[in-house]
Amino acid sequence: MSLWEYANPKRFMQTSAWLLPWFTGLAGLTMVAGLFWGFFFTPDDFRQGSTVKIIFLHVPAAMMAINIWVMMLVTSLIWLVRRHHVSALAAKAAAPIGLTMTLIALLTGAIWGQPMWGTWWAWDPRLTSFLILFLFYLGYLALWEAIENPDTAADLTAVLCLVGSVFAVLSRYAVLFWNQGLHQGASLSLDREENIADAFWLPLVVCIVGFVLFFVALLLMRTRTEIRARRLKALIARERMA
Amino acid sequence: MPDLGKYAAEVLSAYGVSILLIAALVGWSFLRAGRVRRALEEAEARMKPHGR
Amino acid sequence: MSRLSVTDLACARGGVPVLAGLSFALGPGEAMILRGPNGSGKTTLLRTLAGLQPPIAGRIEAEPESLAYAAHADGLKPTLTVAENLAFWAAVYGGRASPEAAMAAFEITGLAGRRAHDLSAGQKRRLSLARLLVTGRAVWLLDEPTVSLDTVAVALFAAAVRAHLAGGGAAVIATHIGLGLEGSATLDVSAHRAAVHAAPAFGDDW
Amino acid sequence: MSRLSVTDLACARGGVPVLAGLSFALGPGEAMILRGPNGSGKTTLLRTLAGLQPPIAGRIEAEPESLAYAAHADGLKPTLTVAENLAFWAAVYGGRASPEAAMAAFEITGLAGRRAHDLSAGQKRRLSLARLLVTGRAVWLLDEPTVSLDTVAVALFAAAVRAHLAGGGAAVIATHIGLGLEGSATLDVSAHRAAVHAAPAFGDDW
Amino acid sequence: MIALLLRDLKLAFRSGGGFGLALAFFLIVATLVPFGVGAEGATLARIAGGILWVAALLACLLSLDRLFQTDWEDGSLDLLATAPIPLEGAVAVKAMAHWLTTGLPLTLAAPVLGLLLNLPGPAYLWLLVSLALGTPALSMIGAFGAALTVGVKRGGLLLSLLVLPLYVPTLIFGAEATRRGAEGLDPATPLLLLSGITLGTVALLPFAAAAAIRVNLR
Amino acid sequence: MIALLLRDLKLAFRSGGGFGLALAFFLIVATLVPFGVGAEGATLARIAGGILWVAALLACLLSLDRLFQTDWEDGSLDLLATAPIPLEGAVAVKAMAHWLTTGLPLTLAAPVLGLLLNLPGPAYLWLLVSLALGTPALSMIGAFGAALTVGVKRGGLLLSLLVLPLYVPTLIFGAEATRRGAEGLDPATPLLLLSGITLGTVALLPFAAAAAIRVNLR
C-alpha cells in the first residue's frame, strides 16, 4: 500500500490515535529532562553569566519556528498537487505552533538582549528576519480565519505559503544586505572547534530533540482536531440539505 | 535552585514567559479538541437515527 | 451536434452539494428554462455551466469560448456611460458586434451618454442584457434576466432571445416568471436536489 | 383620516424633474400599486415619499414615523446572519415586533443562522421583506418587492401585505408584475411625467 | 443607538476590517520605517514619537472611507436615514465605533511599537496620554469627512484631501506633547489644547456630518 | 486586454480613486512627517529617502483593496473570468493599470516631495530611479494580495497583513539604493537586486494571482 493511504482522513485518525500517546510521553520526558538539565545543572558562562541558560529555550524555539514553516510549505505543496485534505489540515494545525515558537524566540531573545547588548530590540538581521517570519505566520493564520469555505481557504493559504516562502528567503538576504548585526552565528556547526562547550551542547541537543517531539505530538493532536472539525462542518452541511 | 547571580530576573522571566506561552498553546489545543470532539459525537448521534 | 451537453452533472455551492444527476443537451436554436423555488440551485447550476466553479461530478461539453453568462449582478461600472460600458465588453469579446445595435435592441439608445449610475433599475437591467448581444457568444446562460424589467422590456428581451435562437444560438434561462418563449424545454432543478449522502469527503461515514 | 396623502406633488431625480402633479390619499387598509415603464419615476416617487429627497413642489402628509421604505437594494449586511440582520432593524425600530414571526412569515426560519452572504438571491429578498414586519410601521413604501421571488414567496408576500392592510396599515408598491392584490388602486406614474418646462430655476426661460 | 453601535462593532470584527486593519497597519509602518531610514538607534529614537503619531493618523484615515460607504452601497444608509433614530446620533455612534475599533487599539499598541523604534523612556507615558486624548478627534473629524464624500464612489482621494488639513492641529499638539515628554519638559499645554480640540469636535461635528449625509442621499 | 487597461484607467480617473488618491496620500505623509518629527533639517535630510519610500509603499497599499474588490462586488469579475481574455493577462493588465495610476505618478512626484523633506542633492536621481524600478513590483505583489483577499468583504486588514511582509525586500533595496546615492556610494548593487525582484514578480505572480482569483470565484 502506498504512503498516501495515510492521507485518507479515516486512516489517519486510526494511525494517529495509536501514535499520539507515545509521542506525547516521549516529548514530555525529553523536554522536561532537557530544560531541567539546562536550568539546574549547567555552569554559568564566563562572559554571559547565568543568561546562557536562556539558550535552552531560545535556540530550540528559533529552530522550530523556521522548520515548522518549512514543514507547512511541504504539506501545502502536497495539498496543491495531490489534494489530500489531511496535509492541508496539518499545515493549518502547525501554524499556531510555529507562531508560538517564533514568539518564544523573539521574547527570550529580547530578554537576553537586555543584559547582553543593553537593549531589548536591535534591528539585527536575524532578529529582523524573525519579526518578518512572525508577520508571515500572522498573515497565514489570518487568511485561514477569514475564509469560511474550507477548501477555498486551503487552496489560498497554500498559495500564500508558497509565495511567502520565496519572499521569506528574499527578505532574509535583503535584511543581511541591509544591516550587519551583533547576533551570534551558528553554534551547532559540525566541526566541534567553534562549538559551545559540551556542558551546554549536550543539554541543548536534548532540548532541541524535546521541542521536535513536542511539535510532532501537538501537531498530531491538533490535526486530529482539525479533521474532526472538518467532518463536523460536512455533517452539519449535510443536515442542512436534509 | 541554582544561584542565578545578577541575571536572575532575566533568566527566570525568560523561562516563565516561554513556559507560559507553551502552556497556553497546549491548553487551548486541548480545550478546542475537547469541544470539537463532543460536538462531532453529538452531531453523529443526531445523524444516526434518521439514517443518512 | 449539440451546443451544450451536460451528463450526470452534480454541483455544489459554498462546499455544499446542491444539485446532482443533471443531464440534458441543447442543440442550436434550442432554449431551456430553469425553474425551481428560491434556493433550489439555479444560480449554482448556471455558474457551474459558465465554468466559474468546478462540477463535483459529471461532464459539461460545449465548444470552447461559446458561453456568455449574465448573473444576478449587473456587472456595470457606475462611472462609465452606457455606451462605454457596452463598448468595453464588445472590445473584450473581439468587437465583432456593434454596441449601437445592442442598445437599439433594448431601446436604451437615448441613454447612451448617461452614466450607468444614473440609470433606473430597469434601465440598468436592459443595459446588462444588451451586453449579451455584443459578446457574440452562441450559448447564453441567463440568471433571472427579466428582473425589474417592465412589460415592454420583457417583450424586447423575448424577441432578442428568439432572434438569438433563430440564428442558431442556444440559451439556458433561470426565471420565476413566464417569458413567452413557447416551445422551449423546461427543467425544474428542484427535482434534482443532491441526495444528502452525496456530501464531501469528510461527510461519508467512517 | 388618511395614512398618507399627497397633494400636487412634483419630484426630481439627480436634478432632473421626473414627476409632477401627483395627488392621492391612502386610508387605513388601502394599498396603491405604482405602475409605469422603466425610468418613469416610481423609485423617485417612493424615495420622495420616504423623505429621502425633498419634493420640488406639493405636499406630503403622513403621521411622523409612520413610514417604512424598502428599496431596490436589500440593505443587508453580508457578514451578519439572517437573524442578526433582522434583530438589528428590530432594535432600531424599538424592538416591538419579533424577528421570529417575521422570518416565519417568509419561510426563512430555517436560514436564521446563515450569513446573508450565503443566501440565494430570492432568499436575500425574502429577508429584506421580513425586515418590513419588524419595523412595525403603518405605511409601507415598497420598490419592486417581488424581484427574484419564486411563486410561493410572491404568495407569501401578498399574504403579508393583506395582513398588514387588514391591520389598518397602508402600502405603496411599485411593481411590474401582478401581485394578486385585488381591489387596490393603481397609479400609472407615466401619466404624470413632469412637463419639460417645469425644469428647476435655471431651466425656465427668462 | 446601542444596537447600531453593537452592529458596527460586530461588522468590524467579522470582516476583520476595522479593529485589526488599523493595528496591522500601525505595526506595518512601525516595522517599515526602520527598513527605510536605516537602523541607527539614535535617529530612530529622535523620530519615534512623531512617526508613531503620523502612523496612528494614517491608520485612522485608512479605515474612514468605509465608515458610511458600505452602508450607502448596500442601501442600509437609506434605511438608517428613514429610521426612528436621529441621524446625528447615528453619526456620533458610528464615529464612536470607529474610535473603539481604531483609536483605542492604536493607543494601547503604541508603547509596544515604541519599543521597536526605541522611543526614549519618559516619552511612553505621554505618547499614550496624547493618543488617548487625540484619537477621538481623529475619528470624529474623519466621520465628518466621510459624510461629505459618501455619495462619491471611491471618494478616497477627496476624503484624504479634506481630512488631512483638519488633522494637522491634532497632530501638531499630539506630537508636541510626546516630544516634550521625551525631553522631560512639561507637556501640559499641548495636552490641554488637544483635549480642547477633541471636545469641540465631538460636540459639534455630528450635526455637520448628519447634514452632509442628508444632502448626499437626495 | 488594451480595452481592459483603458477601462481601468478611465475608472481610476473618473472616480478620482486611484491616481489622485495615491498622490494625495503620498503628499499627506510627506507633509505630515515634518509636523510629527519636528523640522530640524539635519534629521529630515537623514530620513527623507526612507520616509519617501515608505510613503510610496503605503500609497500603493492604500488603493490595492479596490483592485479586484469593486469588480467582484458588481459582478464584472465573474464576467471577466468567463471572457475570452486569459485571467492571467487580465491580472497583469490590472496590476499595470494600478502602477500607471499609482507607482508612476508617485515616482514623478517624489523629487518634489524630496524638496519638502530637504533630501540631499545627489539622492534625487537615485530616488527617482529606484522608485521607477521598484514600484512595478509593489503593484504586482499587491495585485497578488488583492487576489487572495477578493472574496473577503472589506479584506483591508488581511490585505495589508499579507502584503506587508512581501514588500520588505523591495523596500530595503529601494531605500538602500537611495541612501547610497545620498552618501555618494555606488547604488548599482541594490538597484540590480531591485530590478531582479521586479522582473521576477512581474513574470511569475500573475499566475499565482489568477489561480487565487479562480479559487475565490468558485
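Each chain gets a letter, A, B, C, D, E and F, in the order it is written, and its residues are counted from 1.
In this text, a residue touches a chain if its C-beta (ideal position, glycine included) is under 8 Å from a C-beta of that chain, and two chains touch if they have at least 3 such contacts.
Since the model is a prediction, treat every value here as computed from it, not as a measurement.
Counted as hops between touching chains, the shortest connection from subunit A to subunit D is 2. Of all chains, the one whose Cα centroid sits at the greatest distance from that of subunit A is D. This structure's chain pair with the greatest number of C-beta contacts is E-F. Taken over every residue number at the interface, the positions common to subunit E and subunit F amount to over half, indicating a same-residue contact.
Each chain gets a centre from the mean of its Cα atoms; for subunit A and subunit C, those two points are 48 Å apart.
Between the CA-based centres of subunit E and subunit F the separation comes to 24 Å, rounded to the whole angstrom.
With each centre defined as the average position of its C-alpha atoms, the distance from subunit A to subunit E rounds to 36 Å. The distance from the centre of subunit B to the centre of subunit C, with each centre set as the mean of the Cα atoms, comes to 51 Å. Counting partner chains per residue, subunit E shows two or more touched chains at residues 15-16, 20, 31, 35, 38, 73, 153.
Multi-chain contact residues, meaning those touching two or more other chains, occur in subunit A at positions 135, 142, 146, 149, 178, 231, 235, 238, 242.
Among all residues of subunit D, those that touch two or more other chains are 72, 78-79.
Residues 132, 135-136, 138-139, 142-143, 146-147, 149, 152, 155-156, 159-160, 162-164, 167-168, 170-171, 173-175, 177-178 of subunit A are the ones touching subunit F in the complex. The touching residues of subunit E, when paired with subunit D in their complex, are 2-4, 7, 10-11, 14-15, 73-76, 78-85, 217-218. For subunit B in complex with subunit A, the touching residues are 1-8, 10-11, 13-15, 17-18, 21-22, 24-26, 29-30, 32-33, 36-37, 39-40, 43-44, 46-47, 50, 52.
Every residue of subunit D that touches subunit E in the complex is listed here, in rising order: 47, 50-54, 65, 67-69, 71-80, 84, 87-89, 91-94, 131. Of all the residues in subunit A, the ones that touch subunit B in their complex are 35, 39-40, 44, 49-51, 53-54, 57-58, 61, 96-97, 100, 103-104, 107-108, 111-112, 114-115, 214, 218, 221-222, 224-225, 228-229, 231-232, 235-236, 238-239, 242.
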